[in-house]
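Here the structure comes first, spelled out in structure tokens, and everything after it is commentary.
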Amino acid sequence: MSLTNEIIKQRLVEKFGDQLTDWVEPYGMLTFTAPKDQNLKVLQFLFDDAELRFQFLTDLQAVHYPAKKGEELAVVYHLHNLVDNVRIRFKVFADVTKPDVFSATAIYQSANWMERETYDFFGVNFVGHPNLIRVLNVDEMDYFPMRKEFPMEEQTRVDKDDAMFGR
Amino acid sequence: MQALTNRVKQVDRKKLSFIESLYLPAIIKGMFITFSHIFKRKPTVRYPEKTRTFSPVFRGLHVLNRDEQGRENCTACGLCAVACPAEAITMEGAERKPGEEGLYREEKYAARYEINMLRCIFCGLCEEACPKDAIYLSETFAPANFQRKGFIYGKEDLLIPNPVTEPEAYAKAKGGRVAVK
Amino acid sequence: MSRPVRFNNKVKMVEAPASFMGDGFMATSLEKVVGLARKNSIWPLPFATSCCGIEFMATAASHYDIARFGAERMSFSPRQCDLLMVMGTISKKMGPVLKQVYLQMAEPRWVLSVGACACSGGIFDSYSVLQGIDQIIPVDVYVPGCPPRPEAILDGFMKIQELVGNESLRRRTGEKYKDMLAEYGIQ
Amino acid sequence: MGITQILFWFLSLLAVGSAAMVVVSKNPVHSILFLIVTFFAISGHYILLNAQFIAIVNIIVYAGAIMVLFLFVVMLMNLNAESEPQKNRLMLFIGTIAGASLMLVLVAALKQSDTTTHLIQMGGGNVGLIEQLGKALFTDYVFPFEISSVLFLSAMIGAVVISKKED
Amino acid sequence: MQSTEHIVLPEGSLEKLTTTLNLGPTHPATHGVFQNILEMDGERIQKATSTVGYIHRAFEKIAERRPLYQITPLTDRLNYCSSPINNMGWHLTCEKLLGVETPKRVDYLRIIIMELARISDHLICNSIVGVDSGAFSGFLYLMQYRELIYEIYEEVCGSRLTTNIGRIGGFERNFTNTAFEKLEKFLKEYPVQLKEFENLFLRNRIFMGRTIGCGPISAERALNYGFTGPNLRAAGVDYDVRVHTPYSSYQDFEFTVPVGSTGDCYDRFLVRNEEMWQSLSIINQAYKKVQEFKGTEADIFHADVPAYYLPEKKDVYTKMEALIYHFKIIMGETEIPAGEVYSSVEGANGELGFYLISDGGRTPYRLHFRRPCFIYYQAYPEITKGSMLSDAIITMSSLNLIAGELDA
Amino acid sequence: MFLSIDTAVIIEKLALIAVVVVASLVIAMYATFAERKVAAILQDRVGPNRAGPFGILQPLADGLKLFFKEEIIPNFSNKFLFILGPSLAMLTAMMTGAVVPWGDKIHILGRDFSLQIADINIGILYVFGVVSLGVYGIMIGSWASNNKFSLMGGLRAASQIISYELALGIALIALLMVTGTMSLKTMVVQQQAHWYSWNIVKQPLGFLIFLICAFAECNRTPFDLAEAESELIGGYHTEYSSMKLGFYLFAEYINMFISSTIMICLYFGGYGIPFFEHTVAAHCGTNWLAFWHILTLLFKVACFLFFFMWVRWTIPRFRYDQLMNLGWKILIPLSLFNMLVTGAVILFHQYGWHF
């Protein structure tokens, strides 16, 4: 366990300077934010660097913050260095009106469906993704259901039998 | 790939020996195993003739409880409805009128108490949420039915029999077990 | 802490659905015999999508053994089955598939809806889940529970047997049945 | 007319009729089925000649194995009327002429041959029984028999070689 | 079947040389809910396209509207073959967020329940591999013992499959003696049956022929595809969350991490089989440790956190303070710190992660489940390419795809 | 012989045919029931027990239900072939029974009735021919279904049956060399001589090959690729409903029944009573002897049927290519080897070392 959060941070700062911001460590996991167009570079560096070796993409998904104007959608990557057993998390913020983020599929195969899922739920447009179509929902769906402005079920629906519900 | 932990154990994946590769030994062995099962005791529970006893904490059909004097315990606080993840409980509260003290224990009571058994997932959160010892899940599993409307269980279906007026049915509902206070 | 209440002995009475006997109410002896035969030879099509499917495995396995009712010849080909057992969540994406399977089944066919999700959507009151399969296909018996215990599934199965045994041979050609199917958009 | 004659005419009509259907029918699967019927009719003839062994072998080999393979290939390629290529009129014409001339030659040959001397007694002969057949094959005709077996062997090896090459 | 490619066909007679076969979503081998459109050349698969989402139920959206304790029933329905692991994983996540420390006895009890769940999951997976390869009896033999596991669950929490077992901080009630008796019975009887199951399959040449070399994946590809759990270990990577980031006191136990070498179905089968033995040994150890607790310690079944763990019923009926806590917890009005937390457990088929973002409100701001099935199922087209149809089916069952987990 | 038949013989044979057909149907019906019960018992279950006492009316219930089920003929399928498929399967399954000697003879109304429909001198070849036709039912049905799964099932069945027929034939040739006859009746009579004169003693390897091939010809596990529930749903009968499905299922059981009887006639002494043949023959009249013979045969058949089922519920099925490998690379060389050894031994017996 030689690879500590300090070392990772140091290495990243060496490489990217102050482009990476918001360094925090909630519950011991190093978290930072990268600019939107730098995400692939950061991922590639984390993957290739002989010391860092974050070669396992644990998780990739998005969060919608309607309040943050201009960077409503956050794409969150969880990476794992299996050898030293260190996890880090980094985020990329995108504008909800133009949610273009570079796709990580070239580095991690596993990102393929996770990005499709993120697109499906939040409408994040992953540039460079080989097959960016909905994965879980029906293709005809015309909105991104996990965004905060959409209620859990359609308000206009008629199929819900009111007699069957409590409250 | 280097070992990540010091607990690695390679699974045993040895090549087939010549005898094993003749198919027959494993088949014969397997056939002896299945044959030996002819003589095993059959674990089948012959439902509906026989039933398996459920655990005392089984989560089945709900029961609304009464106290010893046959008064309903529910006070229509609505915690069960809030706690229900399936939103299956409908409740309408009403104030107890004078003269109804023999019917309801508290000042408020549930005038309408309905559980939609088709929605209910029998998670037991309502039982946990009840602060008045009023709703319990019983050891009866919910029966099947032909029509949808048969699954809205109202108060009359859920209430435990009144110990004063119907003592036998009450004893049956209690299952002979002494209530723990 | 053990519970002060043990059983709910006010289990609701079963109401036979209206007009399941079909046109003409008198069951002839041939109908009775056919009813008995059908009743004891219901081949299920397990349309198992989620949790209830796992509980159905338990029903089919040694401990509960649905074979006792003559129903262990499961077939996944809708043509050969009598009973469509819908077990598990049916999402809106799955809905058309389910309907297709129902349409492919040969008459007489019955539908058993097992579990909260299939019956009413259960806890999944969300944009993607169908709130009860009776919106797309007619259901004969509902089994509540999430998932129902094997006993409950068997109970539902016996309700189906009750229906099957009493069914008139003319029901499937009758007007009422056609009207009922027409409600679901099936001619 | 005894039962033998009735059977003979029936089988002959069946054989010729279904043989015609083989050529006429549009669906290749039907053609094959008619061909099988033809084989059966011919086997019937063998039985009338008291050549049970040959009859059964005819069924086993032709109907039971070769036609199955034919059917197999036709089913696999899923040939049907729609996908059948448009035939050239000229080809049709030439084919008719070729077929007709073959027929002519056959009829002429039959006329020439001295049928009366070799007429086999119906139902009475025993050429088709196993003992006679075996004796004939391994004494009088041993050379052609061996030659044909060599021929088959080479055909088999050839088939194996061809299919190996393609892999 | 010979390839049709070598047959020279008249032009326009065939549209294409491969046949399209639609496997699913109601095909028996897809367990009801996946669709694979296979381009077949005879019996060989040239290309597979997977469609998922047939039971997408919008867990994450529903979770955004639920207080923490109501999410437990949702997690039940993720991987329904081993719902207690999901329950515990979720509670561990909440405990991490809320800073709750659990006593050792609770940890050990949890481990017993989780390992039982792992056994029940693995036994289903392995016996289903048997069923899909055509041998049905082994499945039923093992299913009898899953019934014993379910009886233990029922004794502890009252239901069999979707257990809703445990609460934030511990269990809703203490284990009864009956539960322990049933556990002992299980520990005594199961190894015998598992041995028999091994005899039925492990060295059977037909079974080996079916599974060896079927759906293999190399360690590099597996990692790149985000494999975790038994499937990754079968490829030769000994990654196990229980060892890497021990939770719930897994560090107190002796167990090994079985790994395979080629990542084919046989390896997966062997790894799962060996994991069942390891789980049995862990349960034995945990049960021994649980029995060692004496005195008041022997009755601890939850952490002492009145703000999150419901007070005892008899206190609720009588004490005002307990009643207030009770109301606060049920209404979801408890103090929940803002923050984001990722916590993972070793689910029955891989790293089951919970990424919880809380803004201090009643419900999670965002909850994401890292569902191992969803991530590794995308490798399916690659690992089945060029294999026979039967192989593809065995591969699917040996990957242990749980639809509820996959589609969320 | 064949052409010089009188009316009494025709009536006698027709009666026998009717009896054999009905018996095969009943036995096949109860084989389905037995299959379910045996499966249940091998799997620690109870099995059907609701229809009638111990569920013995189960096959009747199934049959009646199938009769009253809707007939579905898929839209794009060829109607005639779709119906022809199951009929052919049933027909070929029933035809084999014609040459099986069910017993020696019975004596009624002053006449001797042979308990064999046709004792033709190429009996075993006849069986072989009919079996080789059995595949048409499956192939035609599967093709007419216009369903890819069915088609795959049909193709699998066709290639499987053709491949296994070869090994079956060669194994038989070795047996024919031993017995020197092709008539089943003669073979059975030969085997009645001593308790050790069963052909299984002389041809153990041949029997094993024959057994394996019989499994393959009947499409039973481990060779049930044509229906492979978990892969092809129902294989060739996926699209069939009602009694046409019933025909297919029935045909399978009749095939099992008939191939069991054939195997018994070839290798296990047919209707001969082991050890007590001569004792029984000495003490009983013709009719009683025939009764005991039939009973013995049925008992042997029951054992074989149980064996078929036992195997089915124990072992996994093969993969398509493994099946082909087993057939072509193992069974055929093995049967050739068996044939050569048999030939050598026979020659050795006849001529010693110098020939």
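We just call them A, B, C, D, E and F in the order they show up, numbering each chain from 1.
Going forward, contacts are C-beta pairs under 8 Å (C-beta built on N, C-alpha and C of every residue); 3 or more make two chains touch, one makes a residue touch a chain.
Quick caveat, the model's predicted, so the values are computed rather than measured.
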Contact-richer chain pair [A-E vs B-C]: B-C
Maximum centroid distance from chain E, chain identifier (CA atoms): D
Whole-Å separation of chain centres (CA-atom averages), chain C against chain F: 38
Distance from the mean Cα position of chain C to that of chain A, given in whole angstrom: 43
Geometric centre distance via CA averages, chain D-chain C, whole Å: 55
Chain C and chain E, separation of their C-alpha mean positions in angstrom: 29
Per-residue multi-chain contacts in chain B, two or more chains: 4, 27, 30, 33-34, 37, 42-44, 46, 57, 85, 87, 116, 118-119, 121-123, 133, 137, 148
Set of chain D residues in contact with two or more other chains: 76
Where chain A touches two or more other chains, by residue: 82, 85, 136-138, 145, 152, 164-165
Sites on chain F touched by chain D in the complex: 2-3, 78, 81, 120-122, 125-126, 128-129, 132-133, 135-136, 139-140, 143, 151, 154-155, 158-159, 161-162, 165, 182
Residue numbers on chain E that touch chain F, as the complex places them: 1, 19, 21, 27-29, 43, 130-137, 140-141, 144, 200-201, 204, 206-207, 209-210, 388-391, 393
Of all residues in chain E, those that touch chain A in their complex: 52-53, 56, 58, 60-62, 64-65, 96-97, 221, 223-226, 237, 239, 244-245, 339-342, 344, 351, 353, 355, 357, 365-366, 368, 370, 374-379, 407-408
Chain A residues touching chain E - in the complex, by the definition given at the top: 26-27, 29, 31, 55-59, 61, 63-64, 76, 78, 82, 85, 87, 89, 108-110, 112-114, 117, 121, 134-138, 145-146, 152
Chain F-touching residues of chain D, taken from the complex the two chains share: 3-4, 27, 29, 33, 36, 47, 50, 52-53, 56-57, 59-60, 63-65, 68-69, 71-72, 75-76, 123, 129-130
